[in-house]
Amino acid sequence: MTVADEKKALICLIAGLLRDCNHVAVGAASPIPGAAALLAKAAWGSPKHVNILGSVANNFFTGGGGELFDCAAQGRIDAFFLGGGQIDGKANINLMGLGDYPKSSPRWPGTFGSAYLYFLIPKVILFREEHSRRTLVEKVDFISAPGTSADHIYRKGGPFGLITSKAFFRFDKDKERFRLVSVHPTSSLEDILDNTGFHFDYSEDTPETPSPDPELLAILDRDVRQKVAEVYPNFADAIFPMTSGVEHVK
Amino acid sequence: MTVADEKKALICLIAGLLRDCNHVAVGAASPIPGAAALLAKAAWGSPKHVNILGSVANNFFTGGGGELFDCAAQGRIDAFFLGGGQIDGKANINLMGLGDYPKSSPRWPGTFGSAYLYFLIPKVILFREEHSRRTLVEKVDFISAPGTSADHIYRKGGPFGLITSKAFFRFDKDKERFRLVSVHPTSSLEDILDNTGFHFDYSEDTPETPSPDPELLAILDRDVRQKVAEVYPNFADAIFPMTSGVEHVK
Amino acid sequence: MSSPTNITPIDELAGAVPDGAKVAVPADYAGVSMAATRALIRRRVRSLHLVGVPTSGLQAELLIGAGCVTTLESSALTLGEYGPAPRFTKAVRDGSIRLIDATCPAIHAGLQASQKGTPFIPLRGILGSDILKNHPDWKVIQNPFAEDDDPIVAIPAIRPDIALFHAPLADRDGNVWLGRKRELVNMTHASKTAFVTVDAISETSLFETEEMAAGVLPALYVGKIAVAPNGSWPLPFWNGAQGDDSHMRRYMEMAASDSGFEDYLEQFVFGESAMA
Amino acid sequence: MSSPTNITPIDELAGAVPDGAKVAVPADYAGVSMAATRALIRRRVRSLHLVGVPTSGLQAELLIGAGCVTTLESSALTLGEYGPAPRFTKAVRDGSIRLIDATCPAIHAGLQASQKGTPFIPLRGILGSDILKNHPDWKVIQNPFAEDDDPIVAIPAIRPDIALFHAPLADRDGNVWLGRKRELVNMTHASKTAFVTVDAISETSLFETEEMAAGVLPALYVGKIAVAPNGSWPLPFWNGAQGDDSHMRRYMEMAASDSGFEDYLEQFVFGESAMA
């Protein structure tokens, strides 16, 4: 399996999780989730609305930088993606940095909208390719956004699951724990156990993540590559051969 | 003095009160204050900004109907005009109706933004042409917006004065009373006392409202009539002869 | 981005407004869908809760006269220079509608609270007014950032079911162009959905240039669109027609009596062809 | 509407930013005035309180590196794909700037509170986050409209002295066109004044058509304008240039060391002609 194939498999896996959505918003710096949303829209017409933030041509917001957050609070965004320098077993995420805040070292960019969107968007998919004890920890050094809240706290959304380069976990809100759903073909249960810093539920016979549906892959290669290339040119160059000649392919 | 002359005198009187302002906002249905603001801008370049609400061509707001109120709260509007079916001796105004609310009879349109703007715009000029015991009362039936507030209430603005077809009053915030400043040439102190329903301070030798400066009148007739005609066509027809031919005059 | 299926005939648009709906409508100068208003009366909608953003005029007057309105929440109902609105005046005198009288910035703030998904927005002013005394929803709270006594009015969110208005253009994707009438954007964001009548359909995307895009309400927020050229008649439209002065005068005469108003409805609402 | 006297050379614009000013700046994609940023460093401004709306990037990085910043209030400082911002990282590690770390919607809400002249706006979410624990200004209050325990975060108004950004066009009256970048409108309304660099001056009024008017920031709010073609260089501009990738890579190399950063300033900021 080439790196490009692995990334395409992630795109197809995520696309399948977006099929029940009406509106998916994606950050401009998130090519795999972005490509997944564009693929789901192309394949199933669902999500109907895909909004690539920070882009000009693929962003339909007209109300300024605050519209994303208002739109989420109105219940009009069904799925979103968050990452984290650290993600812990309670689905807390840390985008701030390591060590003693405020003198973090290293300091990462900051919390962005996570402390808000994590509460308001029903299906927040945590996506972090690096699967290691450095990124997946028992307890984050700084809670940019908490994975769970007490019952009296107003909370309409939260973590749906976690996707890495090795595995797919679902988050169990009641147990406040991740459960391993499937292991990607390039990994193994042992590899996951070795490289995950938090405790999680799993069964010994956790299945392998299914290979992407060939038809979906074909749609990605045929119908979505041009769109992906418009939004994420460098990424498209890396996963689609001959992207620079894509105009001629169509 | 013709009716047109009387209205022009009011315009000139009000224009003089706006000379220390940077930004004056006026309702689309307020031709005399609107003409006064346009005249002051033409004569002295001050106010620098005149915003005619509800108009398309003469309204520079681009943030929607809420911008007027936000702009006032930001301290960016120096003067505004309010009227009232009833105005009382404490400068309370009633735009709601007579009798027992909610079964008012007659019911007037309603409070509009008065309950807000009266608190936030430094120079609110009450303007009501009809000067009678019906309009100027001891106590309004319904307080759409109060003329005064207790000291601990956040209040950056309030009533500057009251202009009618008969007289000009200033409002004394500390005494919570109007004081008669001048009586228009068409009226007299006795007439004012007969037709004012509230108590106010005055001296027996209250001066007559000065006649408008001929130069200011000339600017109104020469330079401002076209602008007034654009915004308030019916009103311009009434006060400027041959308004319909105004294009040829310039 | 959305399919063109949300472009419907105007009577279908009106038919999708349920009895009892809370409907937000703009002031008379900001693009009132009078075409949809007449369609609503024809469909004999009942028990509307109208929210005037921040005021209303002929639209509320007609709906009240036709018995479609239970509650009017607004900062004013005005027909401007034409004088007191006859059906509204009568309904107030009779106590036949419930009034929630507000002040313009509080209507905007209540909608903005809904737009932000927050329970309320605090607002200066208003204290000491009889609208505060009579408003069923507002609360006076202490400013939590002040050390001294500092009361402030908390305006709870207003969340309409439907924002209903008229705009110049929609495109085939369901986007609507409304220029700088951003109160229509705010009221739409605050509402569960928007029903919009437009003068015309643009065959090119309204996002094609950034100049147009700046005045677009995205399709995500728009539930239904109906084409209704000159749909704000007899009111003026900011991007088109002057008001129909002689029709307004005729309305004022006819609506002065109950039977005259019935005749008006018969002629200009139920016999809509008279409009053309 | 205003006289053209507010169009000034860029060094005069920068000279009018006082030491200690609270300056609101947009995110890297929304129109950053890098030209004014360089002019500020040249004028050796000190003790700025920068507010990233809702984040900042190269602009804050340069100003921090040049010692112009006392406080950074933002939801992030990011150089995107170029990786960790070297001068910011060092300043945080050394504790040489004060951080007010927020979350994007709270920056917007704080500005909206200022825009509305209200002391605060309550906002959902945030509870349980360490940014709440560390933020000096936010308070948790009880929702006054809830009967049960319902904590909510009150975000107090953020009122910058100056909103500073780059836009495509201004006209001779001092109006600025910024399309659908409405966060620039909000941050300007929230600020005492706005200083704007533009690619060009329009000789016709930006209010001439309603299409253009929809994207205009009115002159009332604008204090100073300077013409700076391609003024967001080396950052991309939403209405123009791509980012200058090779310059950014060069910056990352040079800024990795103190002396390299000094060389960068010497070459590209104090020797501004190098830009042309």
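Labels A, B, C and D are assigned to the chains in the order they are written; within every chain, residues are numbered from 1.
The rule is simple: a contact is a pair of C-beta atoms (placed from the backbone, for glycine too) under 8 Å apart; a residue touches a chain by one contact, two chains touch by 3 or more.
Keep in mind it's a predicted model, so treat the numbers as computed, not measured.
Asker: Out of curiosity, which chains are bumping into both subunit A and subunit C?
Answerer: Joint contacts, listed by label: D.
Asker: Consider the two chain pairs A-D and B-D; indicate the one with the greater count of contacting C-beta pairs.
Answerer: If we tally the contacting C-beta pairs, A-D comes out ahead.
Asker: Where the CA atoms of subunit B average out and where those of subunit D average out, how many Å apart are those spots?
Answerer: 40
Asker: For subunit B and subunit C, let me know how many angstrom lie between their CA-based centres, rounded off.
Answerer: Inter-chain centre distance comes to 29 Å.
Asker: Nearest whole angstrom, what separates the Cα centre of subunit C from the Cα centre of subunit D?
Answerer: Taking the average C-alpha coordinate of subunit C and of subunit D, the gap between them is 36 Å.
Asker: So which bits of subunit A are touching at least two other chains?
Answerer: Answer for subunit A, listing residues that touch two or more other chains: 56, 61-63, 67, 69-70, 73, 120.
Asker: Hey, what residues on subunit D touch two or more of the other chains?
Answerer: 109, 112, 116-118, 123-124, 150, 152, 180, 185, 210, 213-216, 238
Asker: Would you mind giving me the full set of chain pairs in touch?
Answerer: Pairs satisfying the touch definition: A-C, A-D, B-C, B-D, C-D.
Asker: Help me check something: in the complex, which residues belonging to subunit B touch subunit D?
Answerer: The touching residues are 23, 48-50, 56, 60-63, 67, 69-76, 120.
Asker: Quick one: in the complex, what on subunit D touches subunit A?
Answerer: Residues 26-27, 29-30, 53-55, 74-78, 80-81, 84-85, 88-89, 92-93, 95, 99, 101-106, 108-109, 112, 123-132, 134, 148-152, 180-186, 238 of subunit D touch subunit A in their complex.
Asker: For a test of understanding, state which residues of subunit D touch subunit C in their complex under the given definition.
Answerer: 109, 112, 116-124, 139, 141, 143-146, 150, 152, 154, 156, 179-180, 210-216, 238-239
Asker: In their shared complex, at which residues does subunit B touch subunit C?
Answerer: 28-29, 54, 56, 61-70, 73, 95-97, 101-120, 142-146, 149, 152-154, 234
Asker: Hey, which residues of subunit C end up touching subunit A in the complex?
Answerer: Touch list, subunit C to subunit A: 1-2, 114-118, 175, 185, 189, 207, 210, 213-221.
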